[in-house]
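Multiple structures are listed underneath, in structure tokens.
In the two assemblies presented below, subunit A is common to both, partnered first by subunit B and then by subunit C.
Then we have the complex of A and B:
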């Protein structure tokens, strides 16, 4: 399918990946969504904003076909404050639309689920933090935690298990409501939003050059991907040409972030299956990995390493050598551990068939990123919308068809090896030049987007800045929005004690999702 | 030396040494996964900490919830008192035999499960339900193990069995090999160890034993934890009494105690190492594999008994 087939007036944007943008009427909004859904397009994100003049705009970004993005804006009248629902076509839109309602008070007309999502009753029903008349910092005197209506399951012997938001371990908060018969899960319903920080509103207090710092703190384990995604959108607006060396260094950092997270997850997945040996070994490797981050990039998670125009510091030949050497060492160890995981009958018994997401379901629900690739959805921003330097790297995408925990483990192993290969290539062929563009912030207004494959999946940023260099609106989208609802389906029919393992195999972000 | 003293020693030893055994197992597990570990004394520090904390009670808790830790601790203490650990000369042992021992474990299980359900949280009930699943399968398996051994001693009294195996005449009993294998499986299941349960887990949805004591705090939790280590100790010494009884004294004389104590320590250390190895090498079973696991134990126990009846050994 081509964007031209949609018969909308769109213009191609000068971004580093294929992106067209257009304004739609309510009718076009619906027909475009229908046409895209019928042609197996994907919803990337949907958000809303209020312009300075009070005008509401709902925006959606679709992945039309293999990385070809379409950004549609739908201006709506303030007195109407509603727009046509697309969640019947794209199930992933449901929670995004509910979040729009909570933050801006505009309704998805015709949506079947209109419960609040991010708002837990901590602010009044008629208060909308993203509206112009509010600052988002008002304190509400009548905080009333709402009685959230979970969907109930009735039947002989059915009962509910409520888990969280406070857990027995030290993890992020989220509530999970299981309806079970004995040990069998009939239904799971998630309730998230406990780490809602009002990041969207907080962006408006930042200047555009500083915003990368906030973006890099939305989900700490993906800080490089977040800040790169932000910087990419700002560099697109200001038409900055980032030095090639800086882009390559960003890629080194991004791949190191991916490896670091995969190492931690592989250990944690083993541990959740009762195999503590796996955790200790992988955590040891991860620790070595993070320590080198600290000495070479200045921060264990490489926070604030990527900034508009390039990266904070260059890496000297000694540092490059250390990175290269560590790749070789880790590769040998991970190979050994992969052998142990693969040959361990007890582990494989837990991994295989647990939390299966068949490809058909993954496509229908819009599962993306790592979890998507484990369910046969061959999508990776580094491949499908490869911006420099990935356009030169020819990333080998890892796709498995199983869709179960074992498949997600396999994809992680594949991606560790692939990222090690990429890092070695990047540091060996690192172009010379500057690590940062020395330029004063421009004072041109505009909006643009960034799209980077974080370790969970594509992180999309839509940024709007004014001519004084202030952020008007910044929407950063975490792939967890798409993937959280899929877990509700993945656990159906599985037993309750398998849930932590299944959940860990996805390891989605709470903070990035709750914003 | 009086028999009362012998009995006293065999009660005090478990109370004092049970946390050490647990600490040893945890330390071994840490070493086996390249960690430094908290040291073998960690369970004592834990108990000290818990006894100095206030006990917080849920509003919905009944007196059963309050009473259960004492009942569980008491049962475990009595169980330890009737197992010949250092000498077979135990006054209490004639009052309770191997079947009563299984009964004591069942009594503790009933109290801990009832207390878990008493508060009315989902996790307590979930843990109690799973505990009952494990328990009702483990008990018959344990009984077959004990019957195999008692067929040799022609008695269900534990001191008699020990004397028959250790002191009568040296012989190899094939039935005990099967019973021993069955016992290891029951041991893992009953003490909430990997692969059946994971004592180190923080995942509330996967817990069995930990889920049941999730609502306990302060001294109640301390008693529950201590009782759990006493149970581990009781199972270890029971295993020693049935399968490695050499070294257990017949009379509680100072000289026999001098021999019995080091041999007990050595055997417990070995059991700790084996347990840590098993736990390091295994992943946790899916909960519905646990019945298969315990059915295997039962089968091995029955084979042990049949072997004795058919071969007369």
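Then we have the complex of A and C:
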């Protein structure tokens, strides 16, 4: 299927990946969603805005076919304040639509689940932070009332286990409600939004050139991916040509971010299966990795390294050599550890079949990114919508069919080796030139998008700036929105003690989701 | 199967580094001994993410790796606030987490040490104050020690934790 088949009036946008944009009527909104769903398209994200003239607009981005994106805007009447539901076609839209209601007070007409999502009762029901009449700084003295209506499971011997938002370990806050019989999980319901910080509104206090700093703090583990996605949108709007060397340096940072997170996860997943050796070995490698980040990029997590026009600093030949050398060292170590993981029967016994998401379910629910690839969904923005420098790199996508913890571990091992290969190639063939385009901020208004494959999956940014260089609206989308609901399915039938292991094998972002 | 494992362990050896020097604390001997003297037992910490971007969590988590070997210093993170001496908080306090944070604080036995980790926990950081964010931890709890940074590096957090213990020593001399 092509975008042309949808018979909508759309314009191709001058982005670094194929993206067309058009305005739809309510009828077109519904028929486009139906046609895209029937032709195995994916929902990337859905959000809403209020324009300065008061007009509400709901926007959705679809992945039509392996990287060709369609951005649809649906202007809606203020007095109606509703738009046609698409969650019956794209289950992943459910929570996004509930979030739209919480932020703007406009309804998905026909949606079956209309419970609040980001709003936990800490501010009045009729307060909508993204509306023009509000500044986002209003402080409610309302005492938080926690009366969220969880779905209950009835039957003989069924009981509930409530976990969170404060968990046993050092992890982000979220609430999990298990309905169990004995040890077996019958149903899991997640409640998120605890780390909601009002970021969508906070972006409007930033100038376009400074917004990358906030974008880089959506989810600290993906700071490079977020800031690149943000900068890509802004550079598209301002038609900035970023030096090739800068793009290559961004890719070095992005692949290093991927490796750093995969190393940490491989250790933590081993640990959640009772294999402390794995944690201690992989955390040592991760620490070595972060220390080189610090000495070469100036920050252990590489925060604020990517900025509009390029990257903050160049890497000298000595730094490039160290990066190259570390890739070789880490590769040998990870090979050894992979052998130990693969041969450890106790570990494999916990990994295999735990938290299985079959491909059919993954496709239906819209599972994406690393977890999607472990369930046979062959999608990776670096491959399907490769922007420079990935268009020259020919990334080998890692796809596994198992859909279980073992498959998510295998994809991580594959991707560590592939990223090490890419980093070596990038530093050995780094083009000469500047690491940053020196230019004054433009004063042209407009909107555009960025799409970057973070270690977890695709991170999409939609940015709208005015002619004074101020952000009008910035929507940043974390792949965790798609993947969180899938965990509720992945755990069904597994025992409760497998939940931490399964959850860690996805390792989704709370902050990136809650914003 | 055990052989490659043992070989790897012996190849790596002991990677633990020297802990940071904190005045008055390490001068008189091993940190473990000092903590034992002050606390009468191991220092136990309950960590709460009150709305962080997870950057601080990554650096707090890294304290458990072999280089910092936090548990080797007699410091450990515990699951229950009832077992904790120190409340270590990251992130701006989101409205949605403020109640859970207060409940965690109430569950901790007194005397306790409250430490704010990272710029957000100190003053709201880049997220500031809004309808959704209350700002720094001091808006809701009395903070004994602040550890700045975005995020503060693991080593700096360790220094801060040790300084907080020292602060406790000064506050309540034994």
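Convention: the second predicted complex is superposed on the first by the 513 of 515 C-alpha atoms of A that agree within 3 Å, B and C clash if a C-alpha of one lies under 4 Å from a C-alpha of the other, contacts with A are read in each partner's own complex, and residues count from 1 in each chain.
Basically, a contact is a pair of C-beta atoms (placed from the backbone, for glycine too) under 8 Å apart; a residue touches a chain by one contact, two chains touch by 3 or more.
Quick caveat: nothing in here was measured; it's all calculated off a predicted structure.
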Exercise for review: Using the superposition on chain A described above, determine whether A:168 touches subunit B (first), subunit C (second), both, or neither.
Suggested key: both
*For A:150, decide between first (touching subunit B), second (touching subunit C), both and neither.*
neither
**Asked** So, A:499: does it touch subunit B (first), subunit C (second), both, or neither?
**Response** first
The answer to whether subunit B or subunit C touches more of subunit A is C
For this session: Check the residue A:294 against both partner chains and state whether it touches subunit B (first), subunit C (second), both, or neither.
Result: second
- In the superposed arrangement, which partner chain does A:344 touch: subunit B (first), subunit C (second), both, or neither? both
- Message: On the A-aligned overlay, A:223 touches which partner chain: subunit B = first, subunit C = second, or both, or neither?
- Response: second
Q. First (subunit B), second (subunit C), both or neither: which does A:240 touch?
A. neither
In the overlay, answer first, second, both or neither for which of subunit B and subunit C A:284 touches. both
Overlap of subunit B and subunit C contacts on subunit A, residues 168-170, 277, 280-281, 284, 344
Listed in rising order, subunit C residues that touch subunit A in their complex are 1, 4-5, 8-9, 12, 15, 47-62, 64-67, 77, 79, 81, 91-92, 94-100, 104, 126-133, 150-151, 153-154
So, in the complex, the side of subunit A touching subunit B is made of residues 159-163, 167-170, 182-183, 270, 272-277, 279-281, 284, 344, 346-347, 349-350, 495-500
Listed in rising order, the residues of subunit B that touch subunit A in the complex are 29, 32-35, 122-123, 126, 129, 194-195, 198, 200-207, 210, 214, 279-289
Per the touch rule above, subunit A residues touching subunit C in the complex are 118, 120, 122-123, 127, 129, 134, 136-140, 144, 146, 165-166, 168-173, 193-199, 201-202, 213-214, 217-221, 223, 264, 277, 280-281, 283-284, 286-287, 290, 294, 300-301, 303, 336-337, 339-340, 343-345, 509-511, 514
